[in-house]
Amino acid sequence: MKAITESFVVPTRGKGTYEITDEVSALLKRSGITTGLATVFLQHTSASLVIYENADPTARADLHRFFEDLVTEDNPGLIHTAEGPDDSTSHLRMALTRTSESIPIAEGRLQLGTWQGIYLFEHRSAPHRRTVVVSLIGN
Amino acid sequence: MKAITESFVVPTRGKGTYEITDEVSALLKRSGITTGLATVFLQHTSASLVIYENADPTARADLHRFFEDLVTEDNPGLIHTAEGPDDSTSHLRMALTRTSESIPIAEGRLQLGTWQGIYLFEHRSAPHRRTVVVSLIGN
Amino acid sequence: MKAITESFVVPTRGKGTYEITDEVSALLKRSGITTGLATVFLQHTSASLVIYENADPTARADLHRFFEDLVTEDNPGLIHTAEGPDDSTSHLRMALTRTSESIPIAEGRLQLGTWQGIYLFEHRSAPHRRTVVVSLIGN
């Protein structure tokens, strides 16, 4: 039984989704674990994680637009806006999606479905460097 | 220490919530693990997981209705609709709920609260066969 | 390799967020685990978990307000209201945030980012006693 914790950095170019499936799979492969659990954790509160449809880019375009409409930046009720109109809204969009995601491992592979990709969901307009921590536990 | 990854299929009859607590508990019992972690993972992007109130069916009726209203199928802004009006909306409803859920194990049992049931939340109108993967780690 | 499952109770004083980072960190320290995974699980369906900005209280004030507006208590379409106007809405707000959250462990510490705190998000107006279960797995 092994327990490994590693991390990598994702440079973002502003709002949108950035696929990180390959980075997580590479860490799993290097670990040599064949059965167990991979947990992906994002160390930020103005970006989040989501497992989303990975085939047709229009699916993610709708995701981006939906969150712009659901958590609007022109909401006068928001007071946590010291860092700009994408300050509080970035935290709220994070709270509505995920900070951690756990994926079972079997036969040395992440047990993702055919159309599932792991994405970092950047909620800030400016580029950022985001740290993803991955825990791998298993045999 | 054991690490086991197994799966089962849930046939759905269209939109709604389908309880899978018994299926997960049965896998745990068979594993012989008494202390550790059970992770439930859904291999789809147009259905999701949610742990919800398991006593009064009106609670889940409100859940279904709320998501119909929050992520409406008649949103002209959505472009990922090749598979119908429940295409993009099913992914959005999934993103707002969960793909994985982890439940601690103690004394050989899932440590769910009294009123908690694990549900598969189907967002597609047509029947589907959904694969749930379960990771069990512990002693 | 160790697998430990423990719990603690959080008394709440009505709606709002209650930080539990220190309680989880204390359990980790006592476990002696240096590398692995900590999973926090809430045994309730009318309260939830969220990892949120822990520095400026206005961030959480916006979170509270946003959920009041997104899942309104004066929605005449909700039927699961036997326990009051905060009955169904508390479950819906829970479904939109999280029931479990998994945080990698390295060097004996939770790998939270600088601005991340783990919060219990109480959705009920009346005070409650909430049970948080923590699974710790690792070396």
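Letters A, B and C name the chains as they come in the text, with residue numbers starting at 1 for each one.
The rule we apply is simple: contacts are C-beta pairs under 8 Å (C-beta built on N, C-alpha and C of every residue); 3 or more make two chains touch, one makes a residue touch a chain.
Because the structure is a prediction, the values reported are computed rather than measured.
Student: Once you draw an edge for every pair of touching chains, what topology comes out, line, ring, star, complete or other?
Tutor: Topology of touching chains reads as complete, every chain touching all others.
Student: Taking all residue numbers at the chain A/chain C interface, are over half used by both copies (same) or under half (different)?
Tutor: Under half of the interface numbering overlaps between copies: different.
Student: Compute the rotation angle for the C-alpha superposition of chain B onto chain C, expressed as a multiple of 5 degrees.
Tutor: 120
Student: If you average the Cα atoms of chain A and of chain C to get two centres, how far apart are those centres in Å?
Tutor: Centres of chain A and chain C (C-alpha means) sit 19 Å apart.
Student: For chain A, what residues touch not just one other chain but two or more?
Tutor: Within chain A, residues 1, 37, 70, 96, 98, 102, 137 contact more than one other chain.
Student: If we count contacts the way the header does, which residues on chain C are in touch with chain A in the complex?
Tutor: Against chain A, chain C makes touches at 1, 35-37, 50-53, 56, 58-59, 61-63, 65-66, 69-70, 96-98, 101-106, 111-116, 137-139.
Student: Name, in rising order, each residue of chain B that touches chain A in their complex.
Tutor: Listed in rising order, the residues of chain B that touch chain A are 1, 3-5, 7, 37, 39, 41-46, 70-71, 77-80, 82, 88, 91-92, 95-96, 98-100, 102, 131, 133-135, 137.
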